[in-house]
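Next come two complexes, and both contain chain A; in the first it sits with chain B, in the second with chain C.
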Partner chain A sequence: MAGGIAVPRMLQISALFVLFLASIPLGYLLLRAIASGFAAASAVLLREKTVSTLITTVGLAILVALFSAMIGISSAWLIQRTNLPSPGLFLVLGTLALAVPSYVSTYAWIALIPSFAGFAAAVFILSLTTAPYVLLAALASLRRIDATQEESARASGLTASQVARRVIWPQSRPAIFASLLLVMLYVLSDFGAVSLLRVDTFTRVVHTMYKATFDRSAAAVVALILVLLAAILIYVEYKARGSAVAAKSGLGSIRSATRIDLGFKKYLAASYLLIIAIASLGVPIYVLITRFVSVAAEINVSNLVSATIATVSAALSGALLAMLFAIPLGILAARYSGRLSRYAEFGILLTHALPGVVIGLALVALGSRLGFLYQSLPLLAFSYAVLFLAKAVGSIRTSIARVPRVYDDISRSLGNNNWQTIRKITIPIAAPGVITGFLLVLLTAMKELPATLMLRPTGFDTLAIEIWTQTSISQYGQAAPYALILVLVAATPTYLLSRPDRAQSSESRENMTL
Partner chain B sequence: MTSLRIDGLTVTYANRPVLNELNLHIPSGAFATVLGPSGCGKTTLLRAIAGFISPFSGTIRFGDQLVSVSSIVVPPERRKVGYVAQEGALFPHLTVAQNIAFGVSSKGDKQEIVDELLVLIGLSKLANRLPNELSGGQQTRVALARALAPEPKVMLLDEPFSALDAALRDDLRAEVSSLLKLRDTTTLMVTHDREEALVVADLVALMRHGQIVQTGSPVEVYHQPVSPEVAISTGDVLLLDSQKDDLGKINSILTPQLLNKEIIAGKLVIRPEEIRINSDGLGVKATVIDLDYYGHDAVVHLDAGGSKINVRISGDLKFKVGDQVGLEHIGPIRWFPN
Partner chain C sequence: MAALILSAAACGSENNQRVSEGESLSGTELTVYSGRSEEFIGPFFADFESATGINLNVRYGDSAELAAQLLEEGNNSPADIFISQDAGSLGAVAESGMLTTLDAEILNLAPTEYQAKSGAWVGLTARARVFAYDPVKVTELPDSIDDLLDPKWNGKIGIAPTNASFQAFVTALRQLRGEVAAESWLAGIAANNPVAYEKNSMIVEAINAGEIELGLVNHYYIYEVAEALGGEINVKNGFFAVGDPGNLINVSGAGILNTARNSAGAAELIKYLLSNESQNRFVSDTNEYSILLEVPSPQGLPTFADIGTPVVDLDALKDVRLTQEMLVRVGLL
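On to the complex of A and B.
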């Protein structure tokens, strides 16, 4: 990146404006917490409930990361490096789990076993939900390692397990650690599963405080602890990602390693993966379909249609707004270095650390002060835009970085000014990536629960809200049609992105959820 | 028909000068090459001429038109320069014909201009192909046609052949240079390949550390280098320690003679083909210690009283390792004080 290039004024102004907008939720929470005074804030911090919530949240995050790593790494190794029967099928099954929101699989397990609740249940559900992140990261790094490396190591006398420990693991470690930090971030932000399972992590406690009291300042203080935890993870992940990229060497075409013959044990391996697939996908689908059939006669089609329309309209406006916000920041990140770019990156990382429940809390409090915005669709769309800003910026940055600067130079030398160049060169080349990014943000927004729950206009019941409401009052059958539609909508792109024949970057896969 | 004149051009990057008071004058219609090692500022020079970067000081003129002074920098789209980047950089979303037409503003003649250029580069049949369906050489041709289409005043080529394999490179280079000379387009090509710089150019500019250190015809820069460093940049050389006296006589291992007073130490610059090897031992005694046989010519490595001397010979290889021979200097004397 050339250092001396000045950032155009319009870009500077719009980037700063977006950063200002994106900082509103966090800024408002900070103001609320400060306004409550030091004594009040420390009283909230030192409450026994706060301490136990901290232990629950951190404990859950660590345990889920552990199990998710075990499932993800073992699945990746079996799929990529052994003669497992039909590895392609297991890859698709392993990644399709991404399409099932945690609150949907929780709903399914509760519908199956009504006593399903508590900490262990949350570890179970969240480990299954997040394992695909580790699977994809481990798979990508296994594929990146050239077979000649392993062959040279074997030739110099190392056993297969020594190769795994001394050649493969050191190269996969950065990517896997980065994915585990994402997993922990997911656990911190998750609201649906822990709430349905009645596990008091910070997200549930913040929501309860918001519902039960009008003391928004105390809720703000607790929400800020959550933000701090998430910010620590984001920071570590950001640093780890830097070293993960550095660890990649510039290999040309990569020859993949020969698969290990498991012999008879390959059926054991297949059964293991099948059990995981049944727990993460099979049970939800079975429950959804049987419950759907059982209530098929009494389905209120007009409610279903209106919920779908509500979901699509909220997600569509949120995703459009997110992309609009992301344009100046994405261009800045892809094309310019310097102080403003670093501020922008920092700001984006910070929004990434804001769980939906936190943004919901901040905006609901702010909205109640600005009456015209309270429980309005624009405010809900705005919350989505802030929530998914990091993802939107990521897709725009990647797409624009795909257009080498030399194209701009040549276009200019051929008589086109800056704007003509953007119109004729940058946009056409970047468009497919930007559109994919938009669709991913759209789909993620459709699954969003906590911010929607807190900010939706009265009577504005999306699919996610319907599933939540019906499950909360044990109307499992009633929830099924909504959950089925949501899963079907979310599964299509997940399937397309996970197909082994598609040379999709792991980044676009990682963009899928969170 | 436009000449290109650059005076005192300084370009800084992170407060360090990349181009330092650089001067260069290319007459109208000439094909000039800038030869220099990587990192000497060649590409920066092209980018400043094209207007992609703003110089710190100095002027750039296209004919009478001042396109860059410190206060006024004409943007690239108003300079009428053609720019061919390394590996072509064709727009991936446009066909061959659309790429060529990209810079043509007049709607009426567009098709005509594209067709004519397609014939010129011999790719009429590939007009509707996308760039990723073309070979490297075809991409370079299209990039050239695209740059030529708006009839630029000055054509800038940034190592356009470096990504191509050797055989294709020679042919395409000849083709491109004759095409540009035919159209009388003032051309500046930068390269780090010394053969490439000499073979196609009317004018060669040698660049070092952000400055042009010598300009001249290929023959001039090869045979009359202004310094030993410049001599090395245009071809193989022997640098022999030598002494010069107040009468101008020079003593070296190849030109042994008795010197008068007032001796200055320096270097004698000799090209490897400027030494004759006499099988009969006439001249300075030497022993053949190694042979590099290239087919069209060969390099004989000799030891003359402890000095290593390489000689390029053409024709039959008449020597073998261990032969005692005589060496005779047959070229011009180029001497530089230390």
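On to the complex of A and C.
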């Protein structure tokens, strides 16, 4: 978008401040890596292992992005554009997979098939775990495309596939590419699935080095490779995203395209979606329930309740803080395409690729010097805000970008200044998208483990902590109630994510995006 | 400010360190970093609290991760005492000079081979490395870890190469046989295509499920898995011949931080865990070996003397970096 408008001073200052906070983990990594010295760093980097880890990590990220795109886009198209039976149900099922942490679904598959491990297994699990991100993004862009565009394209003689290529794809591409970037960054930073499946990605290697050698500097050097990889991905996505912005034919509301009649194939389509739902949702829940029943573990109700309260309170405060941090950066990215906004976006996305253990240790190093703040709820919430800032900023950016610029101009011509325009025009219109971002961060924070382990107040055990504690001593039966509650609790924001059309006015549907 | 008041209060309580009953410690706070899981040590903590009136703030976690966290916190650590699942993590924290030398009163409670030479940490319980096996499929039991190099075990052995307990065993092997011999054993095992698992418990589950026939684990995992699966499992513990490196005994242990605000309370806790009563309870409740020679072995398990543990310096088990490099070289990591 065109620059030219001066960035309001307040916005600039608050964006810089948030950016400074978000760059703490990166700064920590650099300091640690530098402390190791050049010789030690090159010894770590020039290992044979580095090459194989690089191939594994990049290969995993690319394959997961491919499969996740296939599952996500096809599901979105079937749900939004065909006469699939009960599309609402499949949307909820497709999204609910987000409520199952990758470590829980991995453990479930291992429990079912003990030899389940290795690269292919990791591609399988991570594709299923991340597909909902693509589904939601693709769905939002499909909903936004005005039917009149497609109809006039058809009328001028284009075939259905030509319409898809020339009309639908260009308008969906930015949102889908953005979601795929998040998917690949997620793969870079995932620890639970790759460690259980014994796939050596950089994140697992960093973790192994921290754990077994207590060598924080060498691990930091390896983590910097991760940062570099993430930087390349972000750059590629930035170039590939293109500048296409979805346009409406007018300022009026968007008309949905007519649904394609699949004929009897709609049952095939339904079975396809059902198989995906069984793999991502059915298997974990089935295993959790059977394991739980088979031991008939005594449920410690008070523990369960306190862990649920801990999870919800920490995730809620983390998500609120993340949204607060994200507002100046989101507005900056959507409205003022200067150098500051590009660097800001880049920096936040880099942080997003860092393994939780790195962010955790960075905040331990800093937090332990903060006295009473260390291992307190505010610092834990702060760590969530830093960890998931990219998700929050992304959703705010896209939802604000969808507010027509002309509204801003009208507002200004009526005598409102920049801040008044933002407050009175931009925020109200962008609110649904912002809520989506909030739900997404909330959901992700509920499942967070490595940073929670280090930064939670002592004795403050979230559901994720309880699950981790129990599975680490092979008591999966005892972990089952916690895992079930976590899936249930996480299902609430997930459900809301999948149903913005039901929950809100049709007007807000246009702005629903990732 | 709050920290100042707290540390002033802590100084006050340190002056009363010699009061052995711990009565004066009633109402004080003690922050514990525990690498031992709540499931196993939680009941001991609860009883200690009611017996002494000391309030415990327990932070549970993985031993190595807690050690890494302690190293990162340095002198700002809120922890008073670090309880670890293995000697390696204690050794790493001790090496950085963060652990205080324990009183002779405590060190005298445990045999010298189960404590740091420097006196920085003391063992709490002991666990033996064993081979867990499928008693139906494995009829001829191996005498030595070298028997596992036989091609007949190809693809049938489970190990946990990323796990601290396996790496401690390899570190001990390097100490016992030297670098060259240790690496050639590992290369031989790697050539036998072992199945690698993340955790010991997964190895036992895999044996029970018929995926593999034998695995190198700690002795108590078969009990844990049996309980988790809700009954009898088709897995047994086996010991190698007397003196074999495969029979390593490792310990869980505890050390007190230099910066502890309640080091008297921390000392009380260690004494409590080393008491005859607690030790007997570890044996009966968690199937671990007591660190005290007079306490009998867990039911159905041989005594230390019968196992014939190799003589290993537990202090040196923290040196896992070379072990890891070796595991990487032979392709197991």
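By definition in this document, the second predicted complex is superposed on the first by the 289 of 514 C-alpha atoms of A that agree within 3 Å, B and C clash if a C-alpha of one lies under 4 Å from a C-alpha of the other, contacts with A are read in each partner's own complex, and residues count from 1 in each chain.
Definition applied: contacts are C-beta pairs under 8 Å (C-beta built on N, C-alpha and C of every residue); 3 or more make two chains touch, one makes a residue touch a chain.
This one's a predicted model, so the numbers in the text were calculated from it and none came from an experiment.
A.B. asks: According to the stated criteria, A:Ile429 is in contact with first (chain B), second (chain C), both, or neither; which is it?
C.D. replies: first
A.B. asks: For A:Ala365, decide between first (touching chain B), second (touching chain C), both and neither.
C.D. replies: Only chain C; A:Ala365 stays clear of chain B.
A.B. asks: Mind working out whether A:Leu453 is in touch with chain B, chain C, both or neither, as first, second, both or neither?
C.D. replies: Second partner only.
A.B. asks: Should A:Ile410 be classified as contacting the first partner (chain B), the second (chain C), both, or neither?
C.D. replies: The first partner, chain B, only.
A.B. asks: When both complexes are superposed, which of chain B and chain C contacts more residues belonging to chain A?
C.D. replies: C
A.B. asks: Residues of chain B touching chain A in their complex?
C.D. replies: Those in contact with chain A are residues 12-14, 47, 50-53, 75-83, 85, 89, 91-93, 102-103, 105, 146-147, 149-150, 152, 156.
A.B. asks: Applying the document's contact rule, which stretches of chain A touch chain B when the two form their complex?
C.D. replies: By the definition above, chain A touches chain B via 2-4, 404, 406-407, 409-417, 420, 424-425, 428-429.
A.B. asks: What residues on chain A touch chain C, complex-wise?
C.D. replies: Chain A reaches chain C through residues 47, 49, 110, 114-115, 195-196, 198, 200, 208, 210-216, 294-296, 357, 361, 364-365, 368-369, 371-372, 374-375, 453-454, 458-459, 461, 469-470, 472-478.
A.B. asks: Show which residues of chain C lie in contact with chain A when the two form their complex.
C.D. replies: Chain C reaches chain A through residues 2-3, 31, 37-40, 57-62, 64-65, 67-69, 71-74, 76-78, 92, 162, 164, 167, 195-202, 204-206, 209, 211, 221, 224-225, 227-230, 318, 320-321, 324, 328, 333.
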